[in-house]
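Here the chain labels run A, B, C and D in written order, and each chain numbers its own residues starting at 1.
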Amino acid sequence: MIQDFLFQAFAASAILGAVIMVTRRNPVSAVIFLVGVFFATSGMFLMLDAHFIAAINVILYGGAIMVLFLFVLMLLNLGHADWRDLRGPVGGLIGGSISIAFLGVLTRLFVGGTDSRPVVEIAGSALREAAAEQGVVGVVARPLFTEYTIVLEVTGVLLLVSIVGTILLARRERT
Amino acid sequence: MMALYDGHWILTALVLLPLVGGAACLVVPEARAKTVALATTLVLFALSLPLFWTFDTAEPGFQNLVSIPWIEAWGISYAVGLDGISILMILLTTFTMPLAVAGSFSYIRRRERAFYAMLLFLTTGMIGVFVALDLFLFYVFWEIMLIPMYFLIGVWGGERRIYSAVKFFLYTAVGSLLMLVAIVTLAWIFQDGSGAWSFAYEDLVSLELARRAQLWLFAGFALAFAIKVPLFPFHTWLPDAHVEAPTAGSVILAGVLLKMGVYGFLRFGLPFFPAAATDPVVVNAMLVLGLIGILYAAWVAAVQPDAKKLIAYTSVAHLGFVVLGVFGLTTQGIEGGILQMVNHGISTGALFLLIGMLYERRHSRAIADFGGIAKVMPVFAFALVVVALSSVGLPGTNGFVGEFLILVGTFRTHPWIAAIATTGVIFAACYMLPMVQRVLFNRLDREENRALTDVNRRERLILAPLLALILLIGVWPGPFLNRTRASVEALIEHVETRSASVPAAEPVSVEPVSVEPVSSDAVSVDAVSIEAASVEAGGGE
Amino acid sequence: MSEAGMAGALGLNGLIALFVSAILFSIGVIGVLLRRNAIIVFMCVELMLNAANLSLVAFSRMHGIEGQIFVFFVMAVAAAEAAVGLAIIIAIFRHYEVVDLDRFRLLKW
Amino acid sequence: MSLAALAGQEGAGAGFHPVLPWLILALPLLGAAVNGLGAFLWRDDKRIPTIVGPAALLGSFAVVLVNFIGMSGAELHGAEVVRLWSWIVSGDLSIGVDLQFDQLSMLMCMIVTGVGSLIHIYSVGYMRDDPGYSRYFSYLNLFVFFMLVLVLGASFPLMFVGWEGVGLCSYLLIGFWYENREYANAGKKAFIMNRIGDAGFLVAMFLVFMAFGTLDFVPVLAAAEGTLAYGGALVTGITLLLFLGCTGKSAQIPLHTWLPDAMAGPTPVSALIHAATMVTAGVYLIARTSVLFALSPVSQGVVAAVGAGTALFAASIAIRQYDIKKVLAYSTISQLGYMFLAVGVGAFTAGVFHLMTHAFFKALLFLGAGAVIHAVHHAWAHGDDHGDGHGDVHHGDPNDMRNHGGLRKFMPRTFVFMWVATLAIAGVPPLAGFFSKDEIIWYSGAYGYPILWGVALATALLTAVYMARLMVMTFHGGNRTFGHRGAAEAGRRLHEVPAVMWAPLAVLAVLSVVGGWANIPEALPLLPTVEWLHHWLEPVFAPAIAVKEAHGFSPEYRSPVGGGEALWAGISAAIAIAAVVGTVRALSPKPVPTEAEAVAPTGFARVLHDKWYVDELYDRAIVRPSLALWRACWRIVDAGIIDGAVNGAGRAARLLGWAGGQLQTGRVTTYLVAFMLGALLVLGVLS
């Protein structure tokens, strides 16, 4: 019961955080509220029995990536809102309608769209049992290192490439 | 050697040889390219010539047949062969090529390797089109031809070469894409009926298509062919392409490429869709377009200030005659049409060569820039007069035999159209003679023209075989007509019997299939007809 | 599967997670389309990714562990993307001294 | 084969077999080839063409003569056809290179090769100084070759080969001096106008093939009566289309205007092609297909009416011309009109008879005129040291009769020969023209065409008048070559032509006298050769006459106003003599102004002088509108509409591409919106 309450509180704060983040004119406060959103979603992950994901969401997103954003903001000295970066009414209309359309479509998809598709049901309890048996990391790690080894390796290469690319892009031209 | 001709490999050799020669042109030194090209085309001609004698004139079906599976899953094969309709076209191609190459020796001064390679690649495409007996293969060759021609016009052409090359390419591509749709549909219908894919000529020609399907598919093919012919009003690419193309390009364009449209009608349009091809509306439309081509092109030609453009328009007129003959659907008309294609290749090719020689000397194609040339270039003048007379169809030259047969044949089925078309001979004189006069005759009043030198030995060697053929076919067309006879008669027989037995599209609204009263000469062709096919596929299911 | 079935398989929380995911995604869309600051747009993209992750996790309760594995990869790709994207922003900023998306028209030839 | 073999045939008195038929054609063709080669290879050596040109003709004439004699000794009904090789074979159409030997074709061959030989010999003198000597003989030989093909061809298409071939040679020879734009234009005009007629000929052939399934003369003519309904539309169509061909080739109304212009060619060419042979091809064609024409009374009437009309029309123009060759050209048109009148009314023999005699005296007149022109030209040219160059600018036109006058003194032989020919054409007995023309006039009355008969008589009067005028202006009175006071200079410079030129004139003069005796009418049995030609041609024309008689067309032996043949022969002779004498009397005392002094005629004389303005009419009504239409086709239809549509399609594609390109703003936001919408679309489809 308390879990459900916690879960719904996390959900509410995630939405609230997201709204605030989008509406902040100051990028730094936007970053801060985004981090908040990430923490809230991590909480939801926990409640949904995805403990490992919850952990790396905090570490990777909330920690690493957002810090990177902050670094960039500081580096470029953009940490203050001195220009209007919100679009006019036309842009608002377009963006708003697209967004509402997305909301509608996604809702429809989540609620009614799965009818015809066969579903292998694994109750939350089954996931929980597996976690108890193999440990919360093991549940994710086992398939990762058996079935999805190649994908994992490719992801590693991707990261390497992105590192190289980042360095190339961000490096100052030596004249 | 004879084994080569019995052993069926000769056609493949004809297709491949220019490809090899073209590749060789690309790798030899720049100065040697023309020699390699000339040698290749001469060998090609020598190789193809015995076909004329080994050809069995009594056989209406295909000879030298080769069929090797290529893409078996789709029923595509490498199938080549020749019959009475294609043999003259093949020989015309191999005959024209050495002349076109030799005619470029002093005309082309830059990127010679690429130029001669393009000519040879083009040759492969042209011969391929004439020998292909698989529709997929045919289409491949048909499209392959476009590319070298595009470059020939676009790279070595005159001032507006880019415009002309693009116009040529787009015009012909539009038509051929619709043809591709029609080809695939045909194959699909065949697959629908028999369960197996096939693009083979003999399979598809045996299809019993419903009338409506025939009309649509015929339209798809006909547009591609009509553009290539070119039939009025799809002709405007031709003057531009001709004017801008280098001499060799014009010669090949006139000599061979324009024949593909009519060849397509004879090879595919008529036998595949007999009910459509004998439909009174279709026939009358084609005849009227041919007729308009004859008169209209002659009129437009008569007021052209540019000699090359004038000749380009005469091509439209001549091909109008050919279309008239083909859709008159009589033995004389079709045989005359085939012969007239050869004639047109010879005489118009020669005209382009002659104008090219003049252009090399004077760098002008404007008729008004000349006058009195006969005085300084008597041999040239002689050749031009003979060729011009052949072009206007003077009896005793080849042009007359073809035109006469076409008109006689068409007159039997469509007297009024043929009678009006006959006035084309008047207009032929109206465009050709003033041009000849203003170039060769009148006073030699321009200083630049006084210093012109007469044709040299190489040019004489190019012109001599053309003039000889003009007179030979004029007085003794027998050997040429002989070779077309069996196939043409079988074709007419096929079209007549098949158009009579065509199933209607919807059983509810059966229209009576009215067949034109085709030639009364009921020559019974009991030998092997074209449809030696075993598969019977129904179209209506 | 009916609505009740979906709710049964996911539980109420699962369903809520899906709705939250949809809402977060839509908020991300608004942010992407409404803001002109490249960095904030970028952050909104991250928000959308996170929303997608949320739905994946919710679905993993229904379909099995693969959902979480997928999230793992999404995060890896997001990390790479963030690094490269920020590098691009830095490079552009060096040249134009501005991060207003409407100020440059670079994405055409 | 040799004469001995021929004698054997004669002795047998049986069938006729042509001797070396191919040689008749081969010799002129060979001559043309050799001379043509010579025009390139030994352009300055005149010996070879001098020998080869006339020799080819004489050889051919010899072969023809042998065959002619052989035929006259043999029994030949129908025609002897010799196949050289098969030409066009396609389906049920089979045309061979077949030569047809019958009385008509042999007679024509005799005329063509005989008169042709004389003209070739004459040309040796006339063209001596021309730089295109070899080329000239090549064309001339080629012409004779094609003319013989025309005559001997045993089928419509082969005849058509000759028909267009002679047109080609005519074109080449009219424009022989091609550097002169006018001359080249005249050649072109002749060819194109002939082609108009030829188109009719072609369509006629197609109709014949539809009706008969063959194009050979022998089977067509044999089957004509059974196949074609008398007076039916088909036969009328065929014959009228054939006649259209005839009007082109034989310069009848409405296609007559090319012939006067054709005088641009060298004068011997005018004599051979535009007087004696080629222009009579139309008459020959009608004679050859006489059965077809006999089957269509409408066509016969049209032929006769056009012939008579042309005869009068052209004669009226001839009266007011000053160019000696133009007078003769219109005279030729007029005389051809007579021939068409004859074959039109059904007097085929009379038509062919006049064709023959006309060939003699008109060739003589042209060659005589050529001699005059030659003399005047040389008189002018030598004084100026002005070697070649035609149409001397210093003095004027050597063809203009106002620059002649009094040539009797300087050219006595030519003067005599010309008078013989003049009397012959005027119809003065007992010269050739009297018999042939009188027969035509007589038959046109006898077959019941009173109006045409009257026209023919009137034309006879005009003929005598314009010919006498020509003679007076050229040979009588004082000389005007060097102006009215240039008598001394004229005496020094004007000379009779050399023997090589006057000798053929002499032969032709003899023929102009005796030629008419070949067909003495029964009414005037002055010589034993009564109706000889009639009997000779009877096998050819008998079927046609039979058809006409079967349908009630037989000559009544009286004229429309009464009186028999002998009486009316006398009357027309009297008219001719009176006209000639009267004209000479009337014109001789009058001084003629020189070309330079001349004033333009006024009134009706001007209309005649300007040829009834037919050329102008054609130019305004046909040529210019056609050219305007053609230009419109090019500029408006081709470049405007069709290419406009094509280029428009291209432009539309480009516009579409430009519009699409505008979507590509280069701004991330645009792409993001598009991307979002796309994602929405995909999701929307899924859900």
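What we mean here is this: a residue touches a chain if its C-beta (ideal position, glycine included) is under 8 Å from a C-beta of that chain, and two chains touch if they have at least 3 such contacts.
In this text the structure is predicted, and so the values were computed from the model without any measurement.
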{"item": "Chain closest to the middle, measuring from C-alpha centroids that were averaged per chain", "value": "B"}
{"item": "Distance from chain D to chain C - Cα centre to Cα centre, in angstrom", "value": "98"}
{"item": "Rounded Å distance between chain B and chain C, as computed from the means of their C-alpha atoms", "value": "63"}
{"item": "Rounded Å distance, chain A centre to chain D centre (Cα mean)", "value": "103"}
{"item": "Centroid spacing, where centroids are CA-atom means, of chain A and chain C in whole angstrom", "value": "6"}
{"item": "For chain C, residues that touch 2 or more chains besides their own", "value": "29, 32-33, 36"}
{"item": "Contacts with 2+ other chains: residues of chain A", "value": "91, 94, 98, 102, 106, 112"}
{"item": "In chain D, residues with contacts to at least two other chains", "value": "669, 673, 676"}
{"item": "Chains that touch, pairwise", "value": "A-C, A-D, B-D, C-D"}
{"item": "Chain D contact footprint on chain A (complex, rising order)", "value": "91, 94, 98, 101-102, 105-106, 108-109, 112-113"}
{"item": "Partner chain C, residues of chain D touching it in the complex", "value": "664-669, 671-673, 676"}
{"item": "Contacting residues of chain D [partner chain B, same complex]", "value": "39-40, 85-93, 97, 157, 160-161, 163-165, 168, 171, 175, 178-181, 184-185, 187-188, 191-192, 195-196, 198-199, 202-203, 205-207, 209-210, 626-627, 629-631, 633-634, 637-638, 642-643, 646, 650"}
{"item": "Chain D residues touching chain A - in the complex, by the definition given at the top", "value": "669, 673, 676-677, 679-680, 683-684, 686-687"}
{"item": "Sites on chain C touched by chain A in the complex", "value": "1-3, 6, 9, 11-37, 39-40, 42-44, 46-47, 50, 53-55, 57-58, 60-66, 68-69, 71-73, 75-84, 86-91, 93-94, 99-100"}
